[in-house]
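What follows is a set of structures for review.
Each of the next two complexes has subunit A plus one other chain: subunit B in the first, subunit C in the second.
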Partner chain A sequence: MKTRTELLLELADDELILGWRNSEWTGIAPFLEEDVAFSSIAQNEIGHARALYELVARELGTDADALAFDRRPEEYRSAPLVELRRLEWARTIARHWLYETADAVRLEALKASSDPEVAGLAAKMDREEIYHRMHAEMWLERLLASGEGRERLQEGMLELWPYALGMLDGELRPPFEAIVRERLPFELPAVEPVPRGRHQAELEELLGEMTTVRRSAPAGAQW
Partner chain B sequence: MIFEVFRQERKGQAFVHGGSFHAPNREFADAYAREFYARRQESVALWVVPREEITTIEEFPDEFDLKYRRVDGYSIKARLKEARAAAENAIRLRDAGSAGGA
Partner chain C sequence: MVTETAVWEALAEIPDPEIPVISLVELGVVKEVEVEGTSVRVEFTPTFMGCPALETMRSLMEQSIRDLGGEAQIDVVMDDSWSTDRITPAGREKLREAGLAPPAPRAAGAPTLVQLQSKAFRCPYCGSTETRLDNIFGPTPCRSVRYCDSCRQPFEQFKTI
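After this line comes the complex of A and B, so read on.
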């Protein structure tokens, strides 16, 4: 059984790392309007991460920045799905859709939590995530509408499916799997999930880049 | 497709044109309008309209200069100028006359 701190850190790390990955499209998204929209989604995810880190930091007697930037790579609890660097649009959409779908299942469970702080924050996050899901869904529909789009999306989904399955565990995995299988017009194989904690090589590189400013600033610098 | 966005800053206020953007369909337009014109809570409502749905009218003939149609009434600027000139002239003539009689 995971503790509250572990659960919140998983969620926070997922949001932070995915927010970072999505922000890699800033300036190079397929077209200007999407550039703004996708960057905004990235900012939202990082905002969610901050709220979650603050909640955890109070318990651990630290602060949100220390949790976000000062841990060693192996201490992060992010799912491998969000760590992968995939600068190809169809794969990005595949991950975006899989992540948002899994996240919805996870948030639904957290909203029912007996812990009012957790339930409250989950509800607050969900009010923004609704728009992320709409965004992911309209892109899914758009890619499925053309031959090439569908082909590339399918490739991405097949590649990412084991990672997506690894994002949730226990009782949350079956409902997630059911939603995905029902929505996608192609078959997904039965695969072994890539579990949380088995970090991708890309994570270390990402953390190096993400913490550059933090590491170069003198201790105690105020922002 | 190009969409035009009109935004309302406060409830009850008129919608004013905010700008335009490209989107493949109405769903995308809806999402992009939120991001472009309301992400920072700068609008309370948006109208998102495909540009092709907007009718542009820009020919307004007024061949006979029907001034009486204007809500601001008749233009009296020219006549006022004439009247002033006449008055000034009359004063000058009067003054010249009285100076000669002394």
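After this line comes the complex of A and C, so read on.
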């Protein structure tokens, strides 16, 4: 059984790393609307990460920035799905939809937590995530509506499916799997999930870039 | 002598850093004020969690309490207690006047895409409901972008959360 700290760190790391990946579309998304959308989603995810790190930091006697920026790559608890570097558009949408779907299952469980702090935070996060899910669903529909879109989405889903399954474990995985299989109009194979902790090479590169400012001012900087 | 009323009045003078037409009190982010002697405790319920204005709001509140001669303690409440329903009627009217359509009330169920794509939203410029969703996301996380087919004006719509 995972401790509260481990569980919150997994969630925080997922949100931080995916937030960073989403922000990689800022300025270069295929449409201005999507530039704005992915930038806003990134901002929300990083905001969630901060609140989660603050909860964990209080328990560990550290602070949110130290958790976000000062750990070694192997200490991150993020799922491999979020670590993959910015993907082409159809795969970006596949990851976005798979992530938001899995995240909804996880948040629903956390909202029912007997720990009032965790349940309250999950409820607050979910209010924002609703809009991420709408956005992901809108794009899923749009890609499925055309031949090429559907083909490219399907390729992306097949490639990312083992990573998506690795986001959740235990009793949360079967409901997630059922929702995905029910919604997608093509078959997904039974595969071995890529587990959390088996970090992708891209993570190290991402952390190198993300912590540049932090490392240049280790004592902290005031803006 | 610092009183609760004085603190509420002072906080009501602080404009929202990103939407300065309304105050923090009208935005509904001040949940509670407690005064004991000179120490003032404020319960602050943030809006969107990644909103960059949160730190600014906090320091503006601290400054305003110091100006009253109080010692401020701002407790951040991270739960579901802030909702767009907490924006006061006067605040909603000021948003509308500034061209920002106020949020729809938080319904029993979660907002849906079908609802956002419907004509249930009114243009803050001409009052028409012939409006459509242009983008779920806008210039800040709390807003969507819509377009009015009657007066051909794009406008920002406060998201319901």
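Some observations on this one:
One rule holds in what follows: the second predicted complex is superposed on the first by the 219 of 223 C-alpha atoms of A that agree within 3 Å, B and C clash if a C-alpha of one lies under 4 Å from a C-alpha of the other, contacts with A are read in each partner's own complex, and residues count from 1 in each chain.
We adopt the following convention: a residue touches a chain if its C-beta (ideal position, glycine included) is under 8 Å from a C-beta of that chain, and two chains touch if they have at least 3 such contacts.
Quick caveat, the model's predicted, so the values are computed rather than measured.
Under the clash rule set out above, the superposition-derived model of subunit A with subunit B and subunit C contains a clash between the two partners. Once the two complexes are overlaid on the shared chain, A:Ala37 sits against subunit B and subunit C alike.
Considering which of subunit B and subunit C touches more of subunit A, the answer is C.
Look at A:Gly120: by the touch rule set out above, it reaches subunit C but stays clear of subunit B. Contacts of A:Arg142 after superposition on the shared chain: subunit B is touched, whereas subunit C is not.
In the superposed model, A:Ala51 lies in contact with subunit C only, and not with subunit B. In the superposition on chain A, contact is made by A:Glu128 with subunit C only, not with subunit B. Across the superposed pair, subunit B and subunit C both touch subunit A at residues 33, 36-37, 40, 131, 134-135, 138. The touching residues of subunit A, counted against subunit C in their complex, run 33, 36-37, 39-41, 43-48, 50-51, 116-117, 120-121, 123-125, 127-128, 130-131, 134-135, 137-138.
The touching residues of subunit C, counted against subunit A in their complex, run 48-52, 78-83, 110-113, 116, 134-141, 145, 159, 161.
The touching residues of subunit A, counted against subunit B in their complex, run 31-34, 36-37, 40, 131, 134-135, 138, 142.
Contact residues on subunit B toward subunit A in their complex (touch as defined above): 21-24, 27-28, 31-32, 34-36, 39.
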